[in-house]
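Consider the two complexes below, in which chain A is the common component and chain B and chain C are the respective partners.
For the complex of A and B:
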């Protein structure tokens, strides 16, 4: 068969293959350009950023100095921001993926009163504008004294409705009703069936939801912007945006454009690397649900 | 009835009755953790926001129940509708470009014609890992008139510097950031849907590049229409929520991005600069209504087309 395929390569096929590869390569240049820009910009001194060409290095290689500035200005607050981003995302992702798996299992494998109504509510939740939710959350949290604490970011992020749709679809595919019935015949309780039989089979789906929820939390900006006001609690997104605003307005003192770029580089590299390592999980999961995170 | 039959019935009956009780409450127990947080951090805030939206607080007279006055005000507020208009311009420009690119690349990668399939698939998805805030920072730098590579190139060629931040260019400038971020995400969804279609490998391998692509267009594309509809709806919902990109670009484009550039920006400004929580809540709800109506109208139109 491979022989047939090889001999079947007409000149026209070769030409089309080359043409399409060139089109893909052009889009690759576009995709990679901002990432290349952040790499070159974080190796420059602030004056060089303005005078040297944006997509190439300047003669003075200033990366180490920028990184050391990044981790020392304002008493090294950037380290806090990285750590906050990380642990907000880990707790939110583990919690919401666990809740979504349990809820998805209930929706897929049981009939119960109110099932349709509750699922419709969860679906409809996707359409709610973030301001309609985050502003009242801000007011309610301030009433219970949780404003400006890590909980103000973590607790609302434990609700991840897309995870529920994804897990419902995944449970439908991965677990047969016969398996659950067999567990019941053996006298196993419902929770025992879930924890010892089903959950193991649901691991790939669970991992996908975990990754999507982690990314959603890592990217979140509006919620932490509204509910936090001490810089020590900020995640990277809110912190860097604030530095950027003061660098533009010139009020930041030692806050240079190049340090902001170094911060951007440091905060995106780990996620990009993690994405490359874990690609089989997110690729499988996005296909299974076809649901936006 | 023999003894054995009786004992079998009682043996089978006992655990079954226990399971039956368990089975009826089990789904509620499985749902409980999710539902608890769903109610506390979604339903209650929404109800609270609705409650806010039917009151008005004034310096004189305090908080007062005003029925739907805030909604009436929102419906005739030019600031709100200019924001909605901006979103329509943005959505009508950005969604088709992004999704057509995503579909095209997914089909190219799925048909297996081009070189480096795995490499391109992963590279195009990478921007999704970059938070929208940081993507906006990066593009904001690149758009810059002093240190942006586009302005530098134009200057060195003796051309006028491109202005990415005037009334005409600001929407395309933001649309470009959103396309950069989410094209690959949609591409992966289409790619997975295309891969799930069983194909006759031999037939495909005998085709030349052009007819393989026609095959994908005529046979495979219609099969992933449901997936395409879902991505369009999610893109519409996402577009109407636009906030972070314009909020950050304000620093560079003060003349064109005002406090009501998008409805979410307007609601944010009303609440946190103006302390008008009541009116802000009403604006959010009207925006939610716009999102629901636009999604619903699109779904109706799409269903009609599909059924024909």
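For the complex of A and C:
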């Protein structure tokens, strides 16, 4: 870094920096508040949940009991849900990131008839909210008899238009056409070039799409709600919502509010872990040196 | 080793004609250079030969086989790209062996070829490095090594030195010349740098607007350019060209005197004279009169830029440091009548 002046000491810079800090602090509180509430609420007993201050712990620390209830109620079905969420998310994320990378590569590096039109369709698909597609997807799945199977959740999630859009831009940036042509001169087939020359260079883009798709699938509520009806296929989102609904309506033998809170807490941990693991793939400079810029 | 023939080769991108109608024959072991300004179609022509572009029409024949519709690998050519296009995630050794692995050569043969090429190119110490840990010149050598190990029928170079600094460019130019002498392979080389073309080529192909302007040895092109374009493109500094008309017993230079010439053609409209074919004479003598505008002293040579009224700037090359010449002095210019080039209205050379 070159120091171009003592900007750090100028009053204007300080004022701007202070303003920025305040804005970020407000944003932090805004986003962290619900998570904080989940953390405190999951340590309380049901009566404490409604009588103690919402954003602080109650005198009775009940987290371990809540967790143990979470994993034992209804023969530990929460474990099922957690596993379902996990494997729906992993398969959807890996599959959709792979498809997005292949499609993005094709859009960026090949000329074919109707390219503009097809890409416009992809762009259009980015604009359409998933919710709007759930009814047609439901009808399609019912026609092919896949309703109430894991495929009903996984197949629609393999299509991830924002990923295609992202990967096209990334391929454009990361892969020079001369690199592909060098592979062709060396006699490698198109898929060989993609898999052994290009793919490694696309890892940062690939992992970005992977994590986006993973989180999208992990948090997906509406699609599984519509296409699944057996409890054992539910992901965490739908399962917890069902428990919460039964708690609100007062049905069932046990009040489940704090258990739902503990379940919410458990369900966000893997996403945080996934982020920490994937972080190291977001490194630039993978392609440095191959092609003179 | 290959004889490459292009027959009526055409290329257009949509409605834009990039290569007009090219006929060219390249002999076995020849070092052929395509030279021309940007947009002249020289790189496209090379890519057509490589198979990276499909010809719109015509035929490309290598060693008697029509390869027009074959893929790049089937043509058994190697190419060195302008950007080097090394595989960034592979080591130098892997970069060089990749093509051989694709071709499923035995491991021992791959190692033999890669090690031999590494030795020739002095890459032995760098074999386990990735491209990003190499200097520009080293990357260039890896790119050449990758081309050599495939033992191609011909080498294609697409402006391979344009990314190097001036000193390295001269060094690599000499290495490529040596490589050609050693391998005696057919090489086709694209450049916009006429010095590279003059120094490396057995045969130069001058292109402009997708058409071949002239094919010949460097000296043929220099001494006998076929037209005004070639005359001005080859040679540095470039040829001086002035308007002229035929006259009794000579050539009347517009804005100047008459140059004695035995047989000026009726079609004559322009006269060209290379900087070394003009001499500075005392004011009042010679065919043109002007004022010395700029003097460039290179030690071995001196270039004088002489401003001539109604004609423009004429460049004169004087051997030595020409200490007597000063900016602002008036001088006469005398053209060497035996060495001038005469052009007709269409720019063709009158022989």
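By our rule, the second predicted complex is superposed on the first by the 241 of 293 C-alpha atoms of A that agree within 3 Å, B and C clash if a C-alpha of one lies under 4 Å from a C-alpha of the other, contacts with A are read in each partner's own complex, and residues count from 1 in each chain.
In this section, a residue touches a chain if its C-beta (ideal position, glycine included) is under 8 Å from a C-beta of that chain, and two chains touch if they have at least 3 such contacts.
Note that the structure is a prediction, hence the values are computed from the model and not measured.
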Touched partner set for A:209, first chain B, second chain C, both or neither: neither
Which superposed partner A:37 touches (first chain B, second chain C, both, neither): first
Residue contacts with chain A in the superposition, chain B compared against chain C: B
Partner chain(s) touched by A:169 [first = chain B, second = chain C, both, neither]: neither
Chain B versus chain C as contact partner of A:20, first or second or both or neither: first
Partner chain(s) touched by A:182 [first = chain B, second = chain C, both, neither]: second
First (chain B), second (chain C), both or neither touched by A:271: first
Set intersection of chain A contacts, chain C complex versus chain B complex: 184, 187, 286-288, 290-292
Footprint of chain C on chain A - complex, ascending: 176, 178-179, 181-188, 192, 197, 200-201, 285-293
Complex interface listing, chain A residues touching chain B: 1, 4-5, 8, 10, 12-13, 15-17, 20-21, 23-24, 27-28, 30-35, 37-38, 41, 49-50, 53-55, 98-100, 102-103, 105-107, 109-112, 115, 118, 121-122, 125-133, 135-140, 155-156, 158-159, 161, 164, 184, 187, 189-191, 194, 215, 218-219, 221-222, 226, 236-238, 240-241, 244-245, 248-249, 257, 260-261, 264, 267-268, 271-272, 274-276, 279, 282-283, 286-288, 290-292
Interfacial residue positions of chain C with respect to chain A in the complex: 50-52, 71-73, 77-79, 81-89, 98-99, 102-103, 130-134, 136, 139, 146, 150, 163
Residue ranges of chain B in contact with chain A within the complex: 15, 19, 22-24, 26-31, 33-35, 37-38, 40-46, 48-49, 52, 101, 105, 108, 113-116, 120, 122-135, 137-142, 146-149, 152, 180, 184-185, 188-189, 191-193, 195-196, 202, 205-206, 208-210, 213, 227, 230-231, 234, 237-238, 240-241, 243-244, 248, 251-252, 263-264, 267-268, 271-272, 277, 280-281, 283-285, 287-288, 291-292, 295
